[in-house]
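Right after this note come the structures.
What follows is a pair of complexes built around chain A, which joins chain B in one and chain C in the other.
Let's turn to the complex of A and B:
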């Protein structure tokens, strides 16, 4: 019988075991590193699409855009989510990591896969965007990298189920998981379904790139790829909502107002998202009209209902907690007295607000059959998902980092003043970027496009001059967000390395 | 708390506020839920779904057939075609051009066949901003009735390689 090293964190009261602590640390570090690369690519790409700057050449623009999609959407988000898997399946339950070796195997596969993708993209072997729509072909090594990363991620999410199953035996919980873990359970279930789609599409595509099989149907590719691509956004939403609940609990001591309601909402995510992933295909050939209507509209609204529930439950629980602390004057004293200077709290507040109003509403609109005709592949789509996965998920994860650093890394946050403004700066930047993109997209400005003045084209189209303002707005927002992103990376790495040690 | 196990009985009924919120959200969702299919029936602009399988060679023959029969001029090296509204019309996507330049008549209804010779392209008609996918191996049929005269451009809005941003075509409505 091995000896497990537990410690009790003095700030949060969490019981933390050494091997799960290390797993969380390294997954967070990898997430930070990939966000740093992805963010640098983002800045270069944004400065290229800002017409008065137009920084990069065409080749580098497409190459760096591919890498931005991969490093930001795939690597940063999933590394952080695997850290959350370890956190919610061990630390939150006060039990140990039962399969640390599997955790390290998953981590190694993701690291190698991510490294391989980065290298092959930078070498110019995969200028295909992260969607790699066939028959646009990348070097086989690219697909291999994606498969390695995805297998690692799959193992990472499977660890959740192993840990919570065995934790019960050791008294980690008696009947029900804490809500934070329950949210990650929803995320992990969706992740396993999603990554199965990933295998179903990337393995044949690898074989095709190796000339072992002759043909991958482009329409089928799109269908299965988005079976991976869209539900994985619902992993992000589940993880983000779990972070909202946990942060509110850690920072203001709030308690879910109604566990039944919040848990039901997570179950709605699991049930409906896999059958609501085809709004990417609304203006594709092949699929029938009723298929499109049922899949994208009917099921989507039930997942949206779930988000509406969380949007009520979390602010309500924060209000209840703050009122209990004595901020009871008038309707809004609690809101005024909330800890706005705490970046973990402001992080989730900004995340909730922007996710709902920027990402959520535009998602529902653009996912409608008829509206999609006037939005598909325009920049409005890019604006929409910078409202969800950046202004929502990324800012929530950034906020949670300010809790993980003291709890898990046992370090104080450095540069407290900068840390206080970081979520606001990043939030304002991303909101400006996203609104700029959506507005330009309304005039038909395409996404993934190097030159909207079309020099060198046989015919030239001139956009409505109004887009100049929106393109510049995107550029200014992008620069602000990049500054906020750099601050986040510097503060996090700085605190991990130089922060004052807590506890010893 | 979200970070602790809930108490034994957490399956509690909803409070009044919660019931109102969920009720309003549910009604809103139901309205959107019903409206989209209704609009599909009463509205005049819906994404089409009529599709046929086609090889690049066969599609190319159809395009060239139309061009040979109805060519009325040339612009920047592209044939300008004024097809008969009662016959099918074709737009061919390839790296990196939209071929040919079509000249359509206002108020006539056309069946526009769209396909790609090589990889995936995005068919974006500007400035009216309507967008559809052009996939290789598939013939996507758009039923289209031009309602305004003038000059339109077709811009590719699906990444299709290094020349993607030079893939611009043209269309006239007379």
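Let's turn to the complex of A and C:
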């Protein structure tokens, strides 16, 4: 290893190699850029569904909603996860990146693919929404962009396996993987399955769009697409939980209360969380009741059990760590004295709370066939996944950024006061938005429709007037979240460019 | 970050979990069989509408 350029980070004590550091940096920068675009689209979409604003016309609404899904749900999160792959398979193990060229190839493919998708959607060549269900047909370039991005992401996750295998061979780590790395191992395993499904469905769809093959079965498309669409969110869950464990360890020095149990919970994710894709097909007339019940009502709950283990294990490990630091008075002194002013810590605290109560509980409810029949394709579903992906994953990643900037970019965080309030502001905004969506969904407000007054339709339909309050609640929450998101982007880019340098 | 307990024998289950390639195989096979393959078999067995024949 003597030929490789390592430095020791003065804040964390981590041993960081140059090529690994650069890969993490550029993947984080790409993640921030895509979040900026996805977040802008989110604000425009929210202001359109807020009845008293109704900002965009129909064409732009569906176009920007498509781009919001691509940039905020896929690109931002997967770029950040590939940064986490490099972090957990090299920095956390104190080893080097064994295949930096592959890391740059993966990055280039993701960047080109993501760029192609953004351009073709904005040009109006792919108004097919995030799901792009056949027989809706987009420009072939759209499918090509998705395939390029997916192949790049797959290579990015494969790097995890290469790095940890060669690191073990070279004695980089002698015992088991640290829990943060093990969590990303779970994420990388889920990613392999997920992206294989993506290739399996988008390659024939590209050939169909090019008129090389005549037909893609819509039912098969739906089934295989959701083998990509939902498990891509399960990569997020594993990565988010890994971030929870790592942040708790870095900020308060916590260690897992029962490491075997936490590892078992990750293994439950690996085995059972992907079948939750079936949620999206619970009202699909093609699949049998048995297929639906086995995949959701039985197996999915083993993954829910895993989330509950993490949800208790991480706060418990934080409590033990803070009590060890002397905060032992009464039941809750440790909680009162926790570092609430540190945005990395408050980020994971808010993420755990909102993911559990907003995203997790509603996911279990809406993922049950009998309830799904009532809520499927209503706005309640959108409220649920904003509780998981945004309130859970995005806030956790935002919090971890406040650690990566000093550790990896070697810069101090600027605007510390704004950084302290940013996770709270964003969390309150997303929670308000999510509750507004779910409440309106209870009254049957549809998931994506541009105009729920159905003006010009041959038959009139009027929703319960109560929905106005909930839709306005969504709009207010969306604006608050947008302010929090803008703060995050400004603080992150500002710190990377203008932050005071931290010496080696 | 030290989440790796430092000393003593590694528990048997943890040794199993350390084999990430075994986990990779299981993580791909279980959902592929239970969700994708089973689902595709059901899709292929849906009778065609007479008009489509």
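The rule is short, and it goes like this: the second predicted complex is superposed on the first by the 501 of 504 C-alpha atoms of A that agree within 3 Å, B and C clash if a C-alpha of one lies under 4 Å from a C-alpha of the other, contacts with A are read in each partner's own complex, and residues count from 1 in each chain.
The rule we apply is simple: contacts are C-beta pairs under 8 Å (C-beta built on N, C-alpha and C of every residue); 3 or more make two chains touch, one makes a residue touch a chain.
Because the structure is a prediction, the values reported are computed rather than measured.
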| item | value |
| --- | --- |
| Chain B versus chain C as contact partner of A:141, first or second or both or neither | neither |
| First (chain B), second (chain C), both or neither touched by A:192 | second |
| Partner chain(s) touched by A:271 [first = chain B, second = chain C, both, neither] | second |
| Touched partner set for A:29, first chain B, second chain C, both or neither | neither |
| Partner chain in contact with A:443 - chain B first, chain C second, else both or neither | first |
| Partner chain(s) touched by A:304 [first = chain B, second = chain C, both, neither] | first |
| Chain B versus chain C as contact partner of A:370, first or second or both or neither | first |
| Chain C versus chain B, contacts on chain A by residue | B |
| First (chain B), second (chain C), both or neither touched by A:162 | neither |
| Which of chain B and chain C A:490 touches, first, second, both or neither | neither |
| Residues of chain A that lie at the interface with chain B and also at the interface with chain C | 92, 173, 175-180, 217, 219, 245-246, 249-250, 255-256, 259-260, 286-288 |
| Sites on chain A touched by chain B in the complex | 58-59, 62, 92, 127-129, 133-136, 173-180, 217-219, 222, 242, 245-246, 248-250, 253-261, 282-289, 292-293, 297-298, 301-302, 304-305, 308-309, 312-313, 316, 364, 368-370, 372-378, 442-444, 446-452, 454-461, 463-464 |
| Partner chain C, residues of chain A touching it in the complex | 12, 14, 92, 161, 164, 173, 175-180, 182, 185-186, 189-190, 192-193, 196-197, 217, 219-220, 223-224, 227, 231, 245-246, 249-250, 255-256, 259-260, 263-264, 267, 270-272, 274-275, 277-278, 281, 286-288, 291, 294-295, 299 |
| Contacting residues of chain C [partner chain A, same complex] | 1-5, 10-11, 13-14, 17-18, 20-21, 23-24, 26-28, 30-32, 34-36, 38-40, 42-43, 46 |
| Residues of chain B that touch chain A when the two form their complex | 1-6, 8, 10-15, 17-18, 21-22, 25-26, 29-30, 32-33, 36-37, 39-40, 43, 45-47, 49, 51, 76-78, 97, 118-120, 122, 124, 126-127, 129-133, 135-140, 153, 155-162, 164-170 |
